[in-house]
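Just below sit the structures, each encoded as structure tokens.
Shared between the two complexes below is subunit A, which has subunit B as its partner in the first and subunit C in the second.
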Partner chain A sequence: MSGHMNLTLKVWRQKNAQTPGKFVTYKAENISPDMSFLEMLDVVNESLTHKKEDPIHFDHDCREGICGMCSLYINGRPHGPKRAITTCQLHMRSFSDGETITIEPWRSAAFPIVKDLATDRSAFDRIQQAGGYVSVNTGGVPDANSTPIPKVIADEAFNSATCIGCGACVAACKNASAMLFTSAKITQLGMLPQGQPERYSRVQAMVAQMDQEGFGNCTNTGACEAECPKEITLNNIAFMNNDFFSAKLFREQHAHDHTGGE
Partner chain B sequence: MSLDAKIPQGPLAEKWSKHKFNLKLVNPSNKRKYDIIVVGTGLAGASAAASLAELGYNVKAFCFQDSPRRAHSIAAQGGINAAKNYQNDGDSVYRLFYDTIKGGDYRAREGNVYRLAEVSVNIIDQCVAQGVPFAREYGGLLDNRSFGGSQVSRTFYARGQTGQQLLLGAYSALNRQIHLGKVKMYTRHEMLDVVTIDGHAKGIITRNMKTGAIDTHAGHAVLLCTGGYGNVFYLSTNAMGSNVTAAWRAHKRGAYFANPCYTQIHPTCIPVSGDHQSKLTLMSESLRNDGRVWAPKTVEVAEKLRKKEITAAQVKEDERDYFLERKYPSFGNLVPRDVASRNAKEVVDEGKGVGGSGFAVFLDFAEAIQRLGEDTVRAKYGNLFDMYYQITDENPYQQPMRIYPAVHYTMGGLWVDYNLSTNVPGLYALGECNFSDHGANRLGASALMQGLSDGYFVIPYTLGDYLATIGPKAVDTSHPAFEQTKQDVVDYVNKLLSLKGNKTVSEYHRELGHIMWEYCGMARTAEGLTKAKAMIQALKADFWKNAIVTGENEEFNAALENAGRVADFIELGELMVDDALMRRESCGGHFRLESQTPEGEALRDDENYAFVAAWEFKGENQPEELHKEELVYENVKLTQRSYK
Partner chain C sequence: MSEFKQTFNSSLGKKLLMALTGLFLCTFLIVHLGGNLLLFKHDQGFAFNSYANFLTHFPPIEVVAYLLYLAILVHSIYALVLTIKNRRARPVGYAVQSKSPQSWSSKNMGLLGAILLLFIVIHMGDFWFTYKYNNILGFKEYRTNQITGETTVTAFTPSNPDFERSYATENNVEIVRVKDLHARIQWSFSHLWYVAFYVIAMGAVSFHLLHGFQSAFKTLGWVHKKYNGIVYFIGTWLFAVIIPVGFALMPIVYYIQSLS
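After this line comes the complex of A and B, so read on.
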């Protein structure tokens, strides 16, 4: 058991959105440095269960950094101390024996608490529903190679498309802004030929929904970019702002509700 | 009941077109009178929900995650096959069909597989039209890579995140229909039962995971798109939430479960690091394009590596055994998954495994880095290398990866006919949830293809035929069957919550996993399976006596959710063992030690086992009844698979 660690956890516990929450202190003992952060919480939960106590609730699923479900605020940083990874990819070797670790949920009015460390991020889905798509039905589309797309454009669009919708950008932002999240989809589709027909109506619809959900605005601090597990860059926000102003100034005729056409 | 797969008559290449013409249509103005329930929002579920809503049906979609975008299809890495022949390398619909049938070790239906290959080309077109950013060549056209079990390059990919990009495409189509009001989306809802009336599926019972509310939902048809059951092994590459509950509850309401013992063990996963392990991480099979699999030739060298007395780089070329290249010169490192996995196990069993535990072999990129340069290797596999580094704290650019097989996919699933209908009319199963297209072994990059084929291009046609037959009469939850089924679910939940024993649900799950991996994993024997059956029965009895389920129903309660899922896995585990015991042959991922060739390859018994095993639930703790669907091969000749 050499190299195993004993840690103190200060964990936010809250029964539901209506009940006030508080920090509760737990011991995490005999933790292997090869465990992931969530496996460490599994160990704590197993011992709570044996004591017939309510385990700590946290969202998680794929445990390989791609589903975007896990969402812990660890020692004041979304997804913990390392860059470009999610909480499930964080290993205990990033901590030291005897350390106290503070674990909180995402904090944003637009992400109400479900229980303990799990939050409701459905606002993100509603932003996507407002216009994060190309309005094509199944079938009747052209051959995939009929429109060549320069590799650099495809690669850039891909970089934007890697957003996992975890909400770390919102959690990191002092304004709880969702602009990095929203702009990633707008940039992906705005760069590709397929996204052009709805480019300007899309940006207006998605930004309007983003504002309606109660997210704050961007003040160019860059915390979102620094904490994004997929390294989505601020360039996406610049792209979105550019398209948004362009739409507002020159393309008001496209400002009708983005229905996606029917 | 006789099992009629409803494969259309006529030449292979014409079956689907003819069938589409013969299917009844629902008048456009009548479509809005039908309500369709779709459970699960992965590739199959999201594509089906969106496509059906586009046609005009009213869709209710359900997922247990907090957003439909998080379904486990998101984690698929390597790619999606399609017979586009963009590379001019001899691919065709027939070749993709043939490779898939052969890869499945001749235990899949010809008709289904041909259709899959046929619509594969439409899938790529559809995804590109949605704005899915596939990898491209400098000329702007789509790039391809090769994958195991095939000698052409037909795999489309988006770096190592193809599943993510395809799912986000389907999710975007789903979002558009949610926005238009044609899909009503229920997140954090878990399906706990199917409601049948006069033998037809007419709705489902769900539990709202935030509030505990147990609700009834009615529809003209129910589509289960709920994925596979790999988590029966506890450790697998599946997401933690992936479960068999929806499919299993449907099975207990009459739907046959087919070929449950066909599970795929993926050869290239990151080895287990300790008892705390909660899941295993796959490294895409695409790595085998450039990575070379090897182990030391001798136990002595392996021993030194395990003790860290030497490093992999210090093992001389003539002390290495590139065992896949040696045994399968024509396919080399690109043999199908079952073959690669079994060979890794064999090497480890001989004491030549590496890594601290000895349960690993090497996947080495040194030669590729020398040939292509580190930058090219990084561009192709960068995110996979990063992931490996992150998990193991070892740099794969400098030392070979350690890999070991892990449970990855389940070819078995609910029995469906050519129309994707289970034997319960009105109840459909799509994607990994059904059993239909991969036989006893799935080829790489074919799961994404099948999920999207079922959802975008099959169910929109076949469902209409059933709906037109039953007519658009409105359905609601007033029938007593809804209240009765709901009461059954409430009772079941209360029974779980009453468990206040001394062992956690995870401990039972882990124990089940050990039994399944040991006796129903990469190699199976009659003796082991018989033993496993008794162990699972004992585990089940103990679970219902000594498990601990904390909390109450009327709250967010992960302990309760998990308890229900593990209880179902235990029952499924027993059926898998029964199925594996019944099938006294080796085929694909099902390897019976009693049935192998002199070279140690899987030996099929076509005379006695060329059938689909469909199991019927006969009541709690009763043996299930086996129904056989004979597999008829009119186009391919059944041969011993050879990748030499």
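After this line comes the complex of A and C, so read on.
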């Protein structure tokens, strides 16, 4: 078929977290340039299954760039060479015929490999569970207009909320830091009026959980914001830092504590 | 663990210490460059030697100097601790090197910092330690005629080995005798390899601060579109251009002068 591509894939294969992995080379033949990257892997897996070989494991779900499930470190970049998309939105026309593509899993101590290219990103869930919520007590339904939110704040909070928790920020960061993810969640809730009651306890709890998971430390290099499929900015990290230091240094809520701290 | 320890043991607490010590060291550079501009005065080191004597004998400066050494130590040790933690956060690296867009200086802060630490050790050993604790430096006597304003310079050998500085006025002639650090600088900067080392180290200062200055503000959380431009402007032009170029000119100018 004319216009179709033939590619060489160097894929990381690893049985489980305990077994050491290695690169295995596969041929991807007769690939349509209009396929997504994941569909190309589906084709390769189809032929592997026919040959009674173990198909390549990779994470995927919605395939429309919104669930945050797909990953893959493609030729040195999370989600491949294009800006602001996930791997499922990456088309094979972004590569050239005959190219060799190296596919690696997210590399982070906090994201252990489940199998091949699939990693366990539940560390993100635990950070979220540590404080990434707004407690809503029971009672009557408040009128929607009783909580005014400035348009700018609504937009900024929404921009932070677009984070899909895919982990590309961790994968891209030279320090494997999760500060872009954590800060996006903190900023989203910290900006809105509904998030205020838990604002300062939230930032402390989520940062503590992030540290406990074994992620690295931000050096403001900015690879995360360049690779984020949702274009979350470094400003979120500055917002988190501001709230964290504010909470730690100025907002101890013990005005009537007579012990004087210790 | 106390609240205080908990704060500074957290990832953000360590970064806060890096940012604060880093910015403190930045402010020191301004003062250091300002004072050292005296090296460009053509007075055979009169002003510079008097300034060096003042720095080592003025108590508030002594206090700030010890804060400075502490800041260098904290900045270096925390950099090491954070780097080790960052390495542990990615035990298995990537086969393909990162192609994500990111500045060279931000990726090489550790290397640049290591060059700077080496430079600081050598620089302080050669000038600060020699000046304060070593009796190998000579002395100069500056006689200024207070009517004509002319200054004559002669070498001076004190009878007391602990001599530092003396000031006297005789018949409208002001006599200042002071330890001659200037001669040591002239001697050091007459070696090409030494000059090259200084220029390379100043290159490291430039790239370290090109990223470091604005990064410190991000770490502190002081990011706002109202003043981001000013922070970037100061970080780039003052700390990555004017200051390192100003310092680098000193060994270069002295080397050129040593040739003639």
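To be clear about the criterion, the second predicted complex is superposed on the first by the 247 of 262 C-alpha atoms of A that agree within 3 Å, B and C clash if a C-alpha of one lies under 4 Å from a C-alpha of the other, contacts with A are read in each partner's own complex, and residues count from 1 in each chain.
The rule is short, and it goes like this: contacts are C-beta pairs under 8 Å (C-beta built on N, C-alpha and C of every residue); 3 or more make two chains touch, one makes a residue touch a chain.
Quick caveat: nothing in here was measured; it's all calculated off a predicted structure.
In the superposed pair of complexes, A:R107 makes contact with subunit C only, with no contact to subunit B. In the superposition on chain A, A:S94 makes contact with neither subunit B nor subunit C.
With both structures placed on the common chain, the touch criterion links A:N175 to subunit C but leaves subunit B unconnected. Within the superposed three-chain model, A:T8 lies out of touch with both subunit B and subunit C [touch as defined at top]. If you count the residues of subunit A touched by subunit B and by subunit C, you find the higher number for B.
Looking at the shared chain after the overlay, A:G139 reaches subunit B, while subunit C stays out of its contact range.
Once the two complexes are overlaid on chain A, the subunit A residues touched by subunit B in the first and by subunit C in the second are 262.
The residues of subunit A lying in touch with subunit C in their complex are 10, 12, 23, 73, 75-78, 81, 102, 104, 107-110, 172, 174-177, 179, 207-208, 210-211, 214-223, 226-227, 234-235, 237-246, 248-249, 252, 261-262. By the touch criterion stated above, subunit A contacts subunit B in their complex at residues 15-16, 32, 34-36, 38-39, 42-43, 46, 49-50, 52-55, 57, 59-69, 85, 89, 91, 93, 114-115, 118, 120-122, 124-125, 128-139, 141-145, 147-151, 154-155, 157-158, 161-162, 164-165, 188-189, 192, 194-195, 259-260, 262. Residue ranges of subunit C in contact with subunit A, taken from their complex: 2-3, 7, 10-16, 82, 85-86, 88-103, 106-107, 109, 211, 214-215, 218-223.
Every residue of subunit B that touches subunit A in the complex is listed here, in rising order: 47, 50-51, 54, 65-70, 72, 74-75, 84, 86, 122, 124-142, 158-159, 161, 164-165, 168, 171-173, 175-176, 178-180, 185, 187-188, 210, 239-241, 273-274, 276-279, 281-282, 387, 390-391, 393, 456-457, 460, 500, 502, 504, 506-507, 548, 550-551, 555-556, 558-559.
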